[in-house]
Each structure stands twice: as structure tokens, then as C-alpha cells.
Amino acid sequence: MAQAPKLAAYAGYQYFAVTSPGAFVAHVEISRPDKLNAFRHAMWLELRQVFQQLSTDADVRAVVLSGAGDRAFTAGLDVTDASESGVLSNDGGLDGARTATHLRRHIAEFQDCISAIERCEKPVISVMHGIALGLAIDIACCTDVRICSQDVRFAVKEVDIGLAADIGTLARLPKAVGSLSWVKDVCLTARDFGAAEALAVGFVSQVHESKAAALAAAIKTAGFIASKSPVAVQGTKDVLNHSRDHTVEDNLKYTGVWNAAALQTNDVASALMSVMQKRKPTFEKL
Amino acid sequence: MAQAPKLAAYAGYQYFAVTSPGAFVAHVEISRPDKLNAFRHAMWLELRQVFQQLSTDADVRAVVLSGAGDRAFTAGLDVTDASESGVLSNDGGLDGARTATHLRRHIAEFQDCISAIERCEKPVISVMHGIALGLAIDIACCTDVRICSQDVRFAVKEVDIGLAADIGTLARLPKAVGSLSWVKDVCLTARDFGAAEALAVGFVSQVHESKAAALAAAIKTAGFIASKSPVAVQGTKDVLNHSRDHTVEDNLKYTGVWNAAALQTNDVASALMSVMQKRKPTFEKL
Amino acid sequence: MAQAPKLAAYAGYQYFAVTSPGAFVAHVEISRPDKLNAFRHAMWLELRQVFQQLSTDADVRAVVLSGAGDRAFTAGLDVTDASESGVLSNDGGLDGARTATHLRRHIAEFQDCISAIERCEKPVISVMHGIALGLAIDIACCTDVRICSQDVRFAVKEVDIGLAADIGTLARLPKAVGSLSWVKDVCLTARDFGAAEALAVGFVSQVHESKAAALAAAIKTAGFIASKSPVAVQGTKDVLNHSRDHTVEDNLKYTGVWNAAALQTNDVASALMSVMQKRKPTFEKL
Amino acid sequence: MAQAPKLAAYAGYQYFAVTSPGAFVAHVEISRPDKLNAFRHAMWLELRQVFQQLSTDADVRAVVLSGAGDRAFTAGLDVTDASESGVLSNDGGLDGARTATHLRRHIAEFQDCISAIERCEKPVISVMHGIALGLAIDIACCTDVRICSQDVRFAVKEVDIGLAADIGTLARLPKAVGSLSWVKDVCLTARDFGAAEALAVGFVSQVHESKAAALAAAIKTAGFIASKSPVAVQGTKDVLNHSRDHTVEDNLKYTGVWNAAALQTNDVASALMSVMQKRKPTFEKL
Amino acid sequence: MAQAPKLAAYAGYQYFAVTSPGAFVAHVEISRPDKLNAFRHAMWLELRQVFQQLSTDADVRAVVLSGAGDRAFTAGLDVTDASESGVLSNDGGLDGARTATHLRRHIAEFQDCISAIERCEKPVISVMHGIALGLAIDIACCTDVRICSQDVRFAVKEVDIGLAADIGTLARLPKAVGSLSWVKDVCLTARDFGAAEALAVGFVSQVHESKAAALAAAIKTAGFIASKSPVAVQGTKDVLNHSRDHTVEDNLKYTGVWNAAALQTNDVASALMSVMQKRKPTFEKL
Amino acid sequence: MAQAPKLAAYAGYQYFAVTSPGAFVAHVEISRPDKLNAFRHAMWLELRQVFQQLSTDADVRAVVLSGAGDRAFTAGLDVTDASESGVLSNDGGLDGARTATHLRRHIAEFQDCISAIERCEKPVISVMHGIALGLAIDIACCTDVRICSQDVRFAVKEVDIGLAADIGTLARLPKAVGSLSWVKDVCLTARDFGAAEALAVGFVSQVHESKAAALAAAIKTAGFIASKSPVAVQGTKDVLNHSRDHTVEDNLKYTGVWNAAALQTNDVASALMSVMQKRKPTFEKL
């Protein structure tokens, strides 16, 4: 798996390795394995850049996101780094209101960086293994499909360091799974949970034996999605994200407006033809 | 089961057979089995009429919806019909904006026809077997309770023909089941899924061995619902649909206003009396 | 378990016994076991008082709610009491609009009393056993974490007495579990369901062998939560409740504003220190 | 003005006369002048048909709505008719809940008929003169631009017959004008107000000396609108209606999706060319 | 005016005098004229009680609210009192997060007290004269109809004491008047504005020469409203408040459900009869 | 006026001149007077940068925005530039769906650039004179306070070039002024309107004799705002923007959370002290 060719357009990133394990598929790897892929400030700024670039890259139709190394998807926030320069540091000397302004701006930017995964127009499949704590859950909640290996150890860890999770877990997790009792249990206790529990509540939709197997499955699914009409796939992602946050009636209207343009594509004819001729269709770039 | 008496008031429909398998229960059958119950334009117009009529028919308190024949609940949109006259045909000669206007109107009417099932004031139980693709999921999402047989083969098929599902699946499915990761998986890949998977994620709430067994169970449940106070049952359906699309606070207020009238019914006394006397209550028409 | 010390500040309540089974934990027991803990009008008024007091009691950081006796969490509304003086009684002589006004006010106050559990700033864990009908579900839906014993018998019972559930079940249940088909099934039929089914759909997140075991588990979890930073825990509850009723974007903004103040706490330093030193942190009152 | 040619496609309506006073302009006249244009049940059903037909009539790009005769735009609901067969009649013998169901269905259909004016894709300019009471305001609130003559006498009359206005005034008036204090004044007192007051609060945007002058101005404005790109005009109406009921952010997104199709029109080139060449553009039908 | 009889049921209040200047009309006077009717903590708690009592008092159908004395409607928050015990005092010794919790609870209760005016089921007309600063605007925004005298001096004063108005002005003013540019001007500068400006932007809907004249007009309007069907009047207030915060579609549905009960009143017949017989109707209590 | 010192930190911008006409006040001038300040693609990208920088510039507390030269605030979109490279150009060769994707991305970025004015944490006062068409209105709607000179000529010009205004006018104008009839009139006809009309409907809140007088007034108001507590001023702007797009209840809650931090400022004490001592307060940077 590791030998997939690098994507040249993404060579400049320091903390993320981007390769192409298949046609129209990009594989993004969080690459700070010596620190359990924990996130420094510079990393989440870079994460935003990576996904903004993928969003409009016509050579990419599906994305896989995983963590480098054997031990962790990511251990979350690098607390040492945060204590020095970031959200957990003390500005000093400011009154409570001014400190609050600085914190609010900092949180808003942090949220915006992680939300870039959700805003990315192409579907993103996350593959989680080993340690997956705190920010790991914020990130996972922004991906479209979640897959994990047997050995994964999840936790919504924030209350253990004295804060409410503010980078997206509390906003998205209740809408991603089917038991609010379970959501509150794991968010209020910060306890660990594993692959089986994650599957049972619907947080992940597949569990595999090993990281390698999970990654292979994710790449296969990404390849399958990338073989479909990109007009249809990207429209489906956009409309589903809209659906989560709007009423049924609102979404029906939005979808009608969306498809009024999206149906004016050659992909429908290509897709129908290929179904009849039982061959693989090709679609123009998007 | 097939020998349930026809409901005379519904005899004029071409594509739907409506019978009465029990007191206050209507059974609607999609009846185009030679074409796997695939939907032509005329069919969805007729579907709307059927459910508008059921909605205020005082002789009906619960509805079962199934597909005729052994092979399919419905194969979805009749693509040949759609290519000739409908959403997938080419108006020709119009500019992109004018084509979009025509498409938007067409989609809005199509959505409105299928949503008639959701708007029907009486609860609707769908029984799905065999092939249940594309439009089958849009339809199922509008029913209140979903039941299937072991042999069912579901798929959110739209991306395979180059489009985002626009008749309601993307609007309703995320709110009907408990795993957004699973929803995105099946919507983005268009892959098949079966009865066990549908049950595990909560898309259906019962699985039965055969179509006959599923239909029998649905009719029994419908009969059970039809034996309750229609004021209570129809109020419960309305308030639950409101609940899905509103905040808890909004729904509590709406429910208070609703019940301020609904509690002024003789059904409460009848129901309480029958509980004490352990006999079956009768309720006036509604 | 029963020997936990009474909390003196709560000694004045007639229908609720409040004890302290552990540091910063309050255990509220519905105490009308001879009537299966069925709710009279005076009881829900008292329930509101209890939870308003707990909400700002600096000596309480987590709450357990259960029913006294072996037979029932609660059998729900005391129908005899309701027929005499409450929502099911007839005001007589008033026209339909004026009767509706009285009913609307009555329902609004009833809802407000039960919602006090949700508004309580401290997390509430419900432990349900035996009979848990009608109002039991309304109450459970207001608690944060739901636990039950094997012998529990749940039912959304309202349609059986001729009315739509209006004290919160229809507003909250669809957002608490992951299968709308199941929600409509149990709400429209009023049928019983047990512990296994409740766990499968995510209504409860733990099932235990007996009431005693369930209660012990709840108290242990409550104690665990009470050992964490109260700033973090109470913020997490507030933000999760906001999350259920708002868009992701709205919630992210709200959370940023919340944490801009909440991060200005000594708890973060205490928590981080205790993680490093692997000892139990202490937190100031809140 | 009266000699404008009749539009043949609308000849079959009993209560509405539809003429064409200019290119692509339709003039709809409420025609029951001997009864002050008061609305019977059959009339609002017909009103819906008229505006549904106008909505997709490619020969119409702007609509003017006025009342026939010298005395009234419309006196509102025909109370005699309503007492016999409609919303104010007594179904008799039904309990309060069942009566409520019938009333709810009746109100919903009535609302839907009047809302057809708002749903009409083409802009509608109302011209009000003389008596304009009750339903007159519901209707006016559904039109896009409101013009009146000096002699107009408006009133939100409903409280005077013992009911809250339920056909749209209370829903739309607070969003149509700029003083909530004034809205509550006129809705709670049912008092008359005239042209000057209507202009001052923004309910109408033009006042003219006589009905004839107001009608002439409306037809001129309609003709002016009808000379513009129908893609641009109809898009503007749709997006403005969406704007009233959504957040700025939601509307920006919706508008982007809308214009992604709407900009693919030849009208932009035609419009730009005609601006440069200072001549009147022609646009294809829509 | 001052000799209107006291309403015995309201004799116990310290800061508010409640009289009855006409049938079914209550006049509430803020009574701390020696301090320009500035609000102490105890006053807003009492204000809530007064309006909760009025809300369900069957002898009251309309309310007038004014300030005692010649000099002020109210000078707003009593800053001395607030500095000693309230929102502007310093709890001391708590960290920023804990202080924030106390402030949040305090603000929430303060808001709840003032919002009691809006929640009052009966229409409230405010009469403002002289000094009307800060909290005066919060209070005025909760009343239904706003009237003032020529000498009034308004200001959204909060930024001048270093804070954003948090008791309701910023929430309600933008929806009460028709110029957002003006709203931001007066809220950001804290500058004074007078009667003419308030009328021009729609903040008040009537201006009178003197306090006495304004009060007389308010009492006359209140008497006029109190002579109408209370079912219609109270329904109109409730539905208009709902309208402000919901979409047109949502409000239409809510209104239909509301009126399904409200139309089952004898008031409609009484009102219609009195219109025909040109005499004053009488209505049962509500 | 023109001699106000340049702000060095903003010297690098090509199309915008930023000066400081008073303490803590920045004056941004659109500087392309030879082209009537019409916007090229590069200009709106730069506009975003300018306002992002102002948003967190601790030396700026209020902003004035005007257009350079005598003739125009701005003539709107530079149509020639747009035809060559932007939204009105033809990508060529792509199908309708792919063209729509490119247009949607383009519109979204354009909207985001203009919305930067609204997102700027400091209040922005726009001063409009001469020609103010199309994009001028989109921009004005993003500013907090709108001022104009007598000679201004406004128009929502978009339908005249065949499109619906998509950069914010249709989203914001209905919420900025008090007559929806007027909004639809000017948006559907694209007709000109002047200063008096703009004032009457509340689009602007001040009109001055000349551009110089308007600018002087704006700078004076900005200076006045800049002399207040920046904590209070910036909080007021944020909460008012939230208010426009949320319910009263939602906004009250949000404001409570906001002020729980904002009240922990030294500004309250400074402001109160300066009121008592009748001297000008000083506030720390923000």
C-alpha cells in the first residue's frame, strides 16, 4: 500500500503525505507518527490547505484519510504545543472579556480548519486504527464514511482536560449516530470505546481485522465511488450535508434547484449506456 | 391474502389495487408486476390521488403498501419511459436556464406526488420484498413503518444513472436511520444491501421470512393500529412528522395546541372505559 | 444502596427521596411505590422543584433518577387523579375554544415540569426497571443517559387512552434513537418493548441483570462524571442539548462563544496536572 | 382600460376575468362586483386554478390583480356563504376533536388556494381600491407589489367576527411592513386604515388618485417588468421569497445553486447587447 | 385618570400599582418615581409575577403599562443596586468560567422576568414619556403596541456602561422596526432619539402631546380591544408572536391547528349577530 | 478630509486607500475613480483582505467605507472584466452540470469576499454618493450603518443584465428595510431610486447635502462609536447580526452566553466611572 505514487501537486506539505492508490483516488496520511500524529497548530492550518486543494482538484474524485504508523490515527491535540502557543496558553494581563475575544477567534479558526474536510466537494473516507482520541473524533465526524480496525481505541477525551469539545464533536456526533444516550455517556465520561461498540451505534460502518485491511477496504470503496459519475457523486455529498441541517421540505426544494442544473450532464447518457452495454463508463473531469 | 375484498371507492385506478384485508385497513398494491412495478409518469400521478383519497377516507384508519408479484416491491423509475417523456428526456433547443426551469418544475411535481404518502393522515406501513431500488427507497422513506422480507434487495441506485437522488431519499434517509456513515456509504456507492443490514441500521423495524409473512405481519399491525382511537393515532402521526423537522421546544408548543382540541374527544372516555372493562372500544369515524 | 445518607436540603419533598451515594452525586427516587410511582398533579410540580434545586446546587455534579420499590420505575400518569382534577377532567359548560385554552395552559405547565430534568445543568442518569409506561418515557427522554434492568417493560402508552403523547416523548424520542420506523411502530401501536429491544435501537445504552445492578452501575458512572471538571461536564451537557436542536454551523458558533469563557478556568491546569501526575484532581465548586 | 383583449385560455373562469393589457402582461379581475367581490368557497378554489395556470403560462411574464367595480377590491369572506357551507358552519354532532379535524382540513385548503398567488412564478402586482377587508389583506400579502388608490379602506377585520386571521395575514404581514407595533395595533383592534397610513408603514409602495390611475400605473410597471429577461425576473421573485424565510447564509447558498443554472442563458448576452446598443432586447419564452 | 379603582387582586405588589380604568382593562404603573422608576433586582422579579397573574386573569382582556410620575417611563437599570448585588457586582475569587456561570444564570433570570410581558396572553400597550433608557427599551420591545408622548427621550444606553444590551433589545428591536441601519446606529452609538424619530422608523405607532394624552389614548385602545372576543384577541397575539420567529409555512400550519379549536367558540356567533344588529356583543370570560 | 494620514499597515493595497481620520477610526476608500469604482475580479479579492485585516486590528474600532471621486460610490461589477474572465464569461465545451459547478464555486467566492464586510468585527459605516448600482447595493447591505448624499442614484441593477442579484442584495435587503412591496418593486424593475426614497424606506438612516457632508457625518459617528468600550461595541454588532437570523429565544440564550464573558471586563467600571465623573473614558485595546 505504501508504494502508491505520490501526488506531485501535494508534495509541498510537511505533515501530510498524499498519494494516489488508484484512478481518481487520493490517499491523505497524517504524518507525524513519532508523536502519535498529534496535532500542532501548524498541522491544522495545513490540513485546511490540503482539503481545499482536493476540493477542486479535477484529478481527484474520492479521498481516503488515515494516520501514519502502527500506533495511532491521531492522539488528538498536541497538549504541549497548545500550552505554549495556542488555545490552552495564557495571554496574560488581559481582562476576561478580551481574553474571551482572543479565545473565540482562535476556536473559530481551528473549527474552520477541521471543517475543511466536510466542505471538500469530494467524498472522504476515514480509516481509524490504534489511538484515536479527542481531535480524532472531531476529524472523523467531518468525514463522510468511517471505517476502523479492530484495535482502535476511541475516546471523546476533552472533559479529561477540563473542557467541552469545541472543534465539532459535540455539534456533529449526535447527528452521526443513533443513540443520544450513548453520545452523552461517552462525551460526559471521556471513557474509551472500541470497534465493536462504534459499529453497534453506527459511528463506523465497517470494522476490519487490521489497519492494512481497513485501508485496503477504504481504498477499494473510494475507487468504486471514483468510477461513478462525479456530477452524481459530488451532488449526493452536497445534498446529504444540506439534508442534515435542514427540514425535509427545505431539502427537497434545494435538491430540485441543484438537479435542475446537474441533470444537464452527459454523464446520465454515459451511465445509462454503460448499464445497458454492461461496460465501464468514462466521465469528463469535474 | 389476495382474496381481501376490493374497496369500491378505489376501483378506478389503473396501477394500484386497493383492498380491505380487515376493519378500517386498506391495502394498496403497486400493480405493474410484468415491469417489476417500475414507475411510469402516469403512475406517480395516480399514486398521489390514491393517498389523497385515503387521507380523508373515514373508513380507513391504517394503510399497508406493497408491490404485486413475486419479484419486486418496485424496480424504481421506468428508465425507458423517463427517457421518452420525462425527467431524463431532452427538451431540445432551449438554453440551460430554460431547461433548468422545466426540470425544476418536473422534479417538484414528482416530489409532491411521492410526498403524498407522508401527508396521508393515516399511518402507512410498507412491505418490501425482492427488488427495491431507487424510487423504492424514496417511497419507503415516506411510509411510517417499514417491514421487509429476507429476500429483499435494496439500493439507493441513483448515482449509477448519473444523478443525485432527488425524490426524497437524500432528504429523509439521514433522519430515518441512525448511522450517517452508513447512509453516505449506500448513497455514494449505490451498492446493494439486504434485510439484515437494513434491520441493523434501523431502516426497517421488522424482517420476515417471506413476502407473505411480511404482508401478514403488516396487516396485523395495521389492524391493531386501526383498533385504537383514530384521534390519538392520527395526532401521533402528525406530531411525529412535525417533530422530525422542528426543535423540541417548537414541537412541545405545537403539540400543546394540537392536543387542546384533540383532548375534547369522546375517545378518551371510551378508551379508559374499555381499559377498565377489558373489552374492545369502538370509536366514531374520523 | 438504600443506606446512602439523605441530603438534608431536600428533606422537605413528599414524593421524592434524595440521598447522596457518593461524592457530589445525588440520587433522586420517585417515592410512591404503593401506586407504582404513578404521577399525581402535585408530584410533577414537586419534580420541577427538585430538579431546579439540583441545577444550581454546588454540592451536586451528577444525578441518578430511579423509582422506589420492586415493581415500577413509574406506571405513568395516575389516571384516577387526572380524571378528577387534571388534564382528563371536564371543565364543563365552557365552549370548545375556552376549554382548549385551559387544556393548553395545563399541558404547557405539565411539559415545563418534566422538562426541568433536561434544563438541570448537571447530567442526569435514569435507571429504569419493572413497569415504565407513558409518562415514564417522557421522563426518560429528558435524562441524559438511560440505563435499565432486564425486567423492564416499556410502552409509549398514550394512544391506548385516546391521546397523542404530549409531555415530550413525541418531541424527543425521534432524536434520541436511530430508527424512525421503530419510533412510529411503538408510538402508533402502544405495544410493550423490553430491555433488549431498547438497547438495540439505542434508547438505553446499558442493560443490567437487576434493578440493583443497574442502580449500582448508574451510581458508579455518576461518581465517575462527578470526579471530572464540573466546568467541562456542565458545558458538555449544555452544548449537546443545543446541538440536538440547531445546525452544525450554529452549534459551532455557540460552542466557540461558550468556551471563550469556559476555558478561563483553573480546571484545565488542574486536569492537565493530574493527568501528568496520574492522581485525582480536585476542582472548585460550581 | 376595460377594452384590453381577453386571454382566451382563461375564458372558462366564472369569477375572474383575465385580459391582456400589454405584451406578456395578464390582468386578473375579481369579478363579483354586485357582492363587493366577496369570496364564496367556489371562488377561492377558482383563484388557485387561475394562478396555477398563470404560473407556467409562457405568454405571461407579469400579472396585475384588481377588483371589478367602483366600490371594492374585495369585502373579504362572504359570511353568508361561509355560514352555510364553510368554515363558520357547524358540522353538528361531532365531538370537539373531530370538528377540529374538519376545520383544520378546511383551513389548510383555504390557505393553499390563496398561497397560489405567492407560488405563481410570475410577479403579481395588486391594485386595491374602495373596500379591502379581511381576506383582502390575506390576498394582498401574497402579491409581490402592492399599489392602492386614495379611497381605499383597509382593515384586518377578523377579530370583529370572533376569530384570528388564519389565511395568511398574521403569517405574512409582520414580514411585509416595518412596524410590529402598527401590525399588532391593526390586527388586535380590526380598525380601518387608509392609503396614507398604508404607505407610511410600507404596506403599499405607491398611492394613486383613483382606481383608474392606480391600475394604469400597475399595468405600466407590469409591462416594464415583462420587458426584462424572464429568467432574471422569475429568479428574483423566487430568491426573494426564499430570503424572507431563511437566514442570510442559507439564502446565499440557495442563490448560488439557483444562478449556477440561471446564468446559462442567452438572456445575459441579449441584455448586455441591448444595453450597449440602447435598444429593446427580446427574450425567448419561459 | 389616577382615580381608576385599584384591582384588589394586585394590591400586594410593592413596585407596581394596578388599577382598572375600564371594563376588562388593567393599568400597570411602574411605581418608583423618586428614582425615575429605575429597576432594582426585586422589581423585575415582581414584574414577572404581575404579568404572570394578568396572563390568566379572566377579568382582564387588555393591559396598559406606564411609569409613575412626570419625569420618566423608567431610567432603566438602577446601577447602584446592580453594582451592589447584581449583574455588575463582582463575585470575587472565582475563576473566569465560574464567574461566567453565575452571570449566565443571572442574565437568564433577568431575561425571563422581562419576557413575562411578551408571554402574557393579553395584549399589552406601553405608554412611554420622559426618560426611557436602557431597560426601558427592553421592556417596550416586549409590549405589543408602543405609544409615546412628545417629550420622550429614548436611548439604547447599554454601550455607554460598557456592555451589549442583553435583556432583549438586541433580540427584538431588529424585528420590531423597519430600518436595520437605524437600529445599528442607535444601538452602537447609544445616542438619544425622540418621539418623531421613533414614529418615523415604526418603533412607536402613535405620538401624543403629553403623557396624559398618550395614556388616555392607550386606555381607549385597550378598552376597544377588551370589547372584542377574547378568543379572537388572544389567538391573534399568540399567532403574531409565533409568526415573528417562524417561516410563513410553519406559521400557516400552526394557525390552522390553533383555529381548529378556537373556531369552536360561541364568540363567532355573538360577534356576527352583534355586527348584524349593530349592538355591542358580550363574550364569556377567558 | 483627504489629508487624513494613511494607515501604514494597509499601504500595500492597490484598489483601496485606507486612512485614519480620527482616533481608532479607519476610512476605506474604493479607489478606481476613472472607472467609476467598478469592481474587477482582483478588487473583490482585495476587499476581503482589507476587511479581514481590519477585523482584528486593535488600532481600529470603527470603519467608514466610501468611493473615491465625485461621480460614483461604485458603478458595480465591471462588466467588461466579468465578460473576459469571470462569472459572465463562457467556459466553453463543458456540459451544463460542469459549467454549473464552476459558476457555483465562482459565486460562492464572490459572496464570501463581499460578506467579509459583515464579518468584520468592527462596525462599518458606508457613505454613498453619485452612482451606486448593482454590486453597490450588495456591499451597502453588508455595512452596519448606511448614509448617503442627496445626489446618490441607487439601483438593484441585476435584472437589466439578465440575472438575479446573487452577491447578497436579495438575501439582505428584505431584512434591512421595512417594506417588502418596495423591495420587490426595486429588485424586479431595476429602476433608479434616490436619497429621499432610500431614507423613507429605511435603507439609509441619514441623508446629507453633499458627499463631503455625508463623509464628515460618517467620520464623526465613527469617532463617537470608537470612543466607547470596544467590548460593548463589538459585542453589540455580533449579537445584532445573530439576531437578524435567529429567533428571539435563540438570540436571548446566545446573548447570555456572550455577555457571561463580556461582562468580565474592566470597561464596565471605566465606563461607569467616566459617566459619574463626566469625563471621557479610556479603554484597553481589543
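For clarity, chains are labelled A, B, C, D, E and F in written order, and residue numbers in each chain start from 1.
Convention: a contact is a pair of C-beta atoms (placed from the backbone, for glycine too) under 8 Å apart; a residue touches a chain by one contact, two chains touch by 3 or more.
Not measured: the values here are computed from a predicted model.
Novice: Determine the set of chains touching chain B that also touch chain C.
Specialist: The shared contacts of chain B and chain C, listed by label, come to A, D, E, F.
Novice: Could you put a whole-Å number on the gap between the CA centroids of chain B and chain D?
Specialist: 35
Novice: Measuring from the mean C-alpha position of chain B to the mean C-alpha position of chain F, what distance in angstrom results?
Specialist: Centre-to-centre distance between chain B and chain F: 49 Å.
Novice: Taking each chain's centre as the mean of its CA atoms, how far is chain A from chain B in angstrom?
Specialist: From the centre of chain A to the centre of chain B is 34 Å.
Novice: Residues of chain E touching 2+ other chains?
Specialist: In chain E, 96, 99-101, 175, 177-179, 201-202, 231, 244, 246, 249, 257-258, 260-265, 267 touch at least two other chains.
Novice: Quick one: label the inter-chain contact graph as line, ring, star, complete or other.
Specialist: Shape = complete; every chain linked to every other.
Novice: Considering only the defined contacts, which chain E positions touch chain F in the complex?
Specialist: Residue positions touching the partner: 79, 83, 87-88, 96, 99-101, 103-104, 107-108, 111, 115, 158-166, 168, 170-172, 174-175, 177-185, 187-191, 201-202, 244-246.
Novice: List the residues on chain F that touch chain C in their complex, please.
Specialist: 246, 250, 254, 257-258, 260-261, 264
Novice: Within their complex, state which residues of chain A touch chain E.
Specialist: Within the complex, chain A contacts chain E at residues 96, 99-100, 249.
Novice: Looking at the complex, which residues from chain D come into contact with chain F?
Specialist: It comes out as residues 123, 144-146, 175-179, 201-205, 221, 224-225, 228-229, 231-233, 235-237, 239-240, 243-244, 247-249, 251-253, 255-265, 267-272, 275.
Novice: Using the touch definition up top, name the residues of chain B that touch chain D in the complex.
Specialist: 56, 94-98, 100-101, 105, 231, 234, 261-267, 284-286
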